[in-house]
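See structure below.
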Amino acid sequence: MALQPPKRKDPRRRSRVPTLPPATRSRAAIGLSVVAAEGRFALQHCAECGAVQYPPRDVCGACLGDTLVWRDTDTAATVLAETQVRASPDPYFRERLPWRMGSVKLAAGPVVLAHLAGGAGRGGDVRMELRLDRAGQGVMVALPQERSEGMEEDPALRAMGTQIKHRRILVSDARAPEARALVEGLLKAGAAHVYLGEPEAWLRWKGRAAFEAMQNVTLLPLDVTDVDSLKTLAAEIGGKVDILINTARFIRPGGVLGQDTVHAAREMEVNALGLIRLAQAFGPGMAARTADGVNSAAAFVTVLSAHALSPDPAFGAFNASQAAARSVAQTLRAEFASSGLRVACVYTGPVDDEWHQPLPPPKVSPRILARGVVEALERGLEDHFVGDVARDIAERWREDPGTLEREITGGGA
Amino acid sequence: MNRTPYDGVVLAAPFSAPYERFSQKTAHWWLAKGLRGTLDAAGIRPGDLDGLSVSSFTLFPDTPVGLTQHLGLCLRWLDSIPMGGASGVVAARRAARAVQAGDADVVACVAGDMNRIDSFRRLLSAFSRFAMDAAYPYGYGGPNANFALLTDAYMSEYGATREDFGRIAVAQRENALRNPNALMKSPLSLEQYMNARPIADPLALFDCVMPCAGAEAFLVMREDEAVKRDLPFARLSGTIERHNAFAEDPVQLRGGWVMDRDELYGMAGCGPDDIDLLQTYDDYPVISMMQIEDLGFCAKGEGPDFVRRHDLTVTGDFPHNTSGGQLSVGQAGAAGGYLGLVEALRQVTGRAGPTQVAEARRALVSGFGMINYDRGVCTAAAILTGEA
Amino acid sequence: MSILNDMAAALANGAVEVVDLTHTLDPDFPVIVLPPEFGQCARFRMEEVSAYDHRGPAWKWHNISMNEHTGTHFDAPIHWVSGRDVPGGAVDEIPAGALVGPVVVIDCSHGAARDEDYELTPEVIEAWEAEHGRIPAGSWVLMRTDWSKRRGAEYLNMREDGPHSPGPTPEAVKLLVSRGIRGFGTETVGTDAGQGAHYDPPFPAHFFLHDAGKYGLQCLANLDRLPPTGALLIAPPLKIKGGTGSPLRVLALIPKETT
C-alpha cells in the first residue's frame, strides 16, 4: 500500500524525541560513510592482492597487505539469510520494529549484514547501496535489482532517508535561477507543500506570477540577510518545515584584488552568514522534529559552487564565500548530528545564468541543478556534485587538492 | 606431531555461584565469589594459590592484573582468556599445561560477570569492532539477529523446523527443573516454545538465553595434590581449540570442531559413542544442534533427525546440557563459557546431585565463543574422564 | 532671545506643530536599484547584540548597517560626480546653519496620480510662483507627489524598462538652481524621476543640484501635511567623515492652521 500522507497530529501528544541508530564507528569504517555521503558503493580493495574487504579493516584479511584503497565495487549480491528483528535493546530500533535485515553475499566476495528493503529476501538477487542512516553513518542496504514504484516508501529507507514525498519544503529564494524547476521537481516528487522565500517583495520580478499560479506553493517574505524576516517566518511556519533548501546566493565575477569589498561583503552576507541565519532560525525547530512520523523533518540543503573546494580566481570573492558556506554546513552537520537532521550540500559547476554568460560550456542548466537537488534528497546524500564540472572538480580534489589548486589557478598545462 | 597427553593433571573443586538476573554486584565481587567457592571446596587458602585464569567481559577498567591486587593474591602464573563461550575449555587446557610443566601448582580457573540494568546493551554496543561497525547498526539485534540469520540459513539448508530446536530447549528446561540454581523454574512445553513471543524470526523467546550475573570456577592441579587433599577429580583426556575456521563459508553452518574432532577423539582414545553426556555451548539451540553434528554424533544436516530420535534429558539416552544449560540456567557473561565444563566435572566425579546422570564417566564439553561479526569465531572442546 | 521663547511657547501650545517627514528605517523599505554589475545600495539591516539575556543581561541593543542613501536620506554635493569638487560638499563639512531653513512645497500629487512618469517642468514651477510668489533664495523645495503612500513593488514601480516615478526635468532643476535654493526633496527613492537616466544629462537633479552645491532629500513622507510656504525644515544628516549622504530624521515646523 502506498505511503499515506500523515494525519493531523493530536495536539495533546508529545512529539517523538529523536533517537539515533548506533553511531560509533572505527576509523576504517568511517570510509563507508564517506562514500555513502556521495551515493557511491565503494569498499576497501587490497592494493597487493586485490581482495575486497568487509567489514572495513586496517590490513588485508587475505594477505596482510596494509594498503587498502576505497574503490567503487560491483553492487550485485545474493541474500543468504534474513530475519525480522522484533526485539532490540536499542531505543532507535525499538521504535521501528520489526526491522528486516539479512546476511548478503556480495558478488565481489565478502558477506555483509545489511538492511533488507523493498522486498529483498533470502535467495534473491539484489543490488547493494551504501546509504547514510539517521546517525549519518554509511550502512549496507540490499534492494531488489529492479527499482520499483514506491520502493522508497519502505519504512527502513524512509527512516534513514530524506525523501520528498509528503514533506513540506521551504526554498529560501524564489528568485534563484533554479527555483522554478526545483519547485516543479519537488511537487512532482510528492512534496506536500512548497514554501517559497521571496526576498525584497518591493521589487517586481519576472516569474512571480508562475509561482502564484501553482497549487501547493506559497510565496512568503524571506531574506537571508534580514534577521527580522527570518524570525517572523520561522515563527509562522517553522514548525512545519520538513526540508529546507537554501537557494539564496549572491554572485559577482571578479577576484580579490581591486578595491571592491562591497560585492564580497554581500557574498559573505548572503552566502555564508545567510546560511548561518537560516540555520539559527529554522534549525532548532527542525532538529526537534526529526522523529515526527511520515513528515518528520529530514534535511537542511544548501546549493554551493564546486569551487568551494578550490577557488576559480575569476570568481575569487564569491568562491571564498562558498568555502565559508561549506565550512558552515560542515559545522551544522556536526551540530545537527544528534538530531539526525541531514545537512546536504549540492555542489554545482558554473550555472548557465547571467553571471557565467561569457564562460564556455559545459555549464549547468538551472533545470539540471534543480534535478540534482531533488536527487540528493531522494537518495539521502550529504554531498552531491551536479554536472560535469562539479564532478570533475570533486574527483580531482579527492585525488590531490594541491594539484587541483595549481591546475585551476594557472599552473597546469 | 602428536599431542602430548595431560598426564598427571586433573580438574577438581567445581563451583557455581548461584546466578542473579540483575545485581548491583560487580564483576570483581562475582569473580571473588567463584574463587572463594572453589578454594573452599579444596581447602586452599587464597594466600597459597599460585595460579589464576580469569574470564570476564565486565571487569573494565581492570584486567586480571588489577584483580590480583584487588583480591590480595600473590601469583606466579596468571592468564586471561577473553574467548566468551570457549573460555572454560581453553582456560582448562592452558592451565593444565602450566601445571604439567610446573609453572604453577594450583591454577584456579574463574569466570564471572555482573549484570546491571542496561549493562547488557552497553556490553553489546562495544563488543567488537566489526560488530560495532557492521552488525549492530542493522537493527541492533545483537547475537539474537546473528543467530536468527544462522538459524534461518540452517533451516533452509537442512530442512530443520522450529520444533527441532524446541526439543533441545524443552529438554534443557526439564533438566533445569532439577537444578535449584537455574533461574528458569517453570516447566516449558513444546507448545509454549512454539507460541512464544518472537524475538528475531525465526527465533522466539525460548531460543534466547537470559543475561544474568554469576560466576563459575574450578581448580587445575597435579593428581597427587588432589589425592592429598582428598578431592574428587577428573582427567583431561583430550582438548582442541580453533579460531576463525572456515572463514570462506558464507554462512556459518559448521564450526571449527570439524577441523579438530579426529584429534580430540584420538587423544582421548575414544569415539562419540563412548561419550556419556554432552555439554554444548547453547546460547541458541541451533548452535547446540551444530555441535552435535560437528562433534560427530551424527552427520552434517542430520541434527534435526538426531534430536527427534533421542531423549536429551538427564535420564534420557543422550543426556545433554544436564544443568539446564544457559537457555534455562541463565547466561552469566563469560561464566556461560564455564557452565558446561563445571557441570561436566560434577557429573564425571559423581557429584552432580539432582542432575546426576547415572554412571556418567566420560563427558564431552564444547565451547563456542565470540560473535565478532557474523559468526562465532572460537570453538573448543574437551573430554573429561572421571575415575572408574 | 524672545523669538526662541516665543517659539518654545508656540511649540508647547501647539501654535507650531512638528511634522515628521521620515519613513521608519525598516529592512523591508525599498532602496534604489542599479544594474546588477554596479555596486548596490545596502538595505537597512539590524542584528540583535543582546536582549536582556546571556549576551548582555540588562540591556538590549542592535548592530545596524545600511548605505548612506538608505531610507529617508540626505544627499550631499559630493554624492554626484558633478559635485565632487564642491568645497564643503561632504556631510561632515556642511555648516550646521545650512541644515535648518525655510521650505516650500510644490504640489504635484494630482499630476503624479494621473501619470507615474509625471514631470516637474519650469511651467509647473512658474505656475506655482504665480500663485505663491517667487521661490525665496535659501529655501528647500519639496516636490509633493504623495508617492510616499505607495507600498511594496508600487514604490519603485520597476518595469522591464526600469523604474517609473515622477521627477524634475533638467530645465526645471536648472530653474530651481537659478532661484538660489538650498536643496530639493522628493517622496520617491531619488531626487530624479524613475526614468531620469534618459534625460540629458542623465539624472539631472543629481547632476545640476550637486554641481551647484545644493542638497537633496529623498524618500520623504507626509508632505501633504505641509503648507506651500511658511514652514521650516530641520534636516541634519549624521556627521559622517567624508560622507556623501546620510539617513536622517527630517522634521518640519508648521504653523497651526489659522483659517
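Here the chain labels run A, B and C in written order, and each chain numbers its own residues starting at 1.
Throughout what follows, a residue touches a chain if its C-beta (ideal position, glycine included) is under 8 Å from a C-beta of that chain, and two chains touch if they have at least 3 such contacts.
Being a predicted model, the structure only gives us computed values, none of them experimental.
Judged by the touch criterion defined above, the protein chains link up one after another in an open path, with no loop closing it. Of all chains displayed, A has the C-alpha centre closest to the centre of the whole protein C-alpha set. One finds 48 Å separating the Cα centroids of chain A and chain B. Remark: chain B and chain C have CA centroids separated by 93 Å (rounded to whole angstrom).
Residue ranges of chain A in contact with chain C, taken from their complex: 200-204, 221, 223, 225-229, 252, 260, 262-263, 266, 354.
Those residues of chain C whose C-beta lies close enough to touch chain A in the complex are 27-30, 33, 36-37, 39-40, 42-43, 45-48, 152-153, 155-156, 158-159.
By the touch criterion stated above, chain A contacts chain B in their complex at residues 21-22, 24-26, 28-29, 32, 54-56, 61, 80-90, 92-93, 98-103, 105, 111-115, 122-123, 133, 135, 137, 139-140. Interface residues of chain B facing chain A in the complex, by the touch rule stated above, are 118, 120-121, 124-125, 129-130, 132-142, 144-145, 148-150, 152-153, 156, 197-203, 247, 250-251, 373-374.
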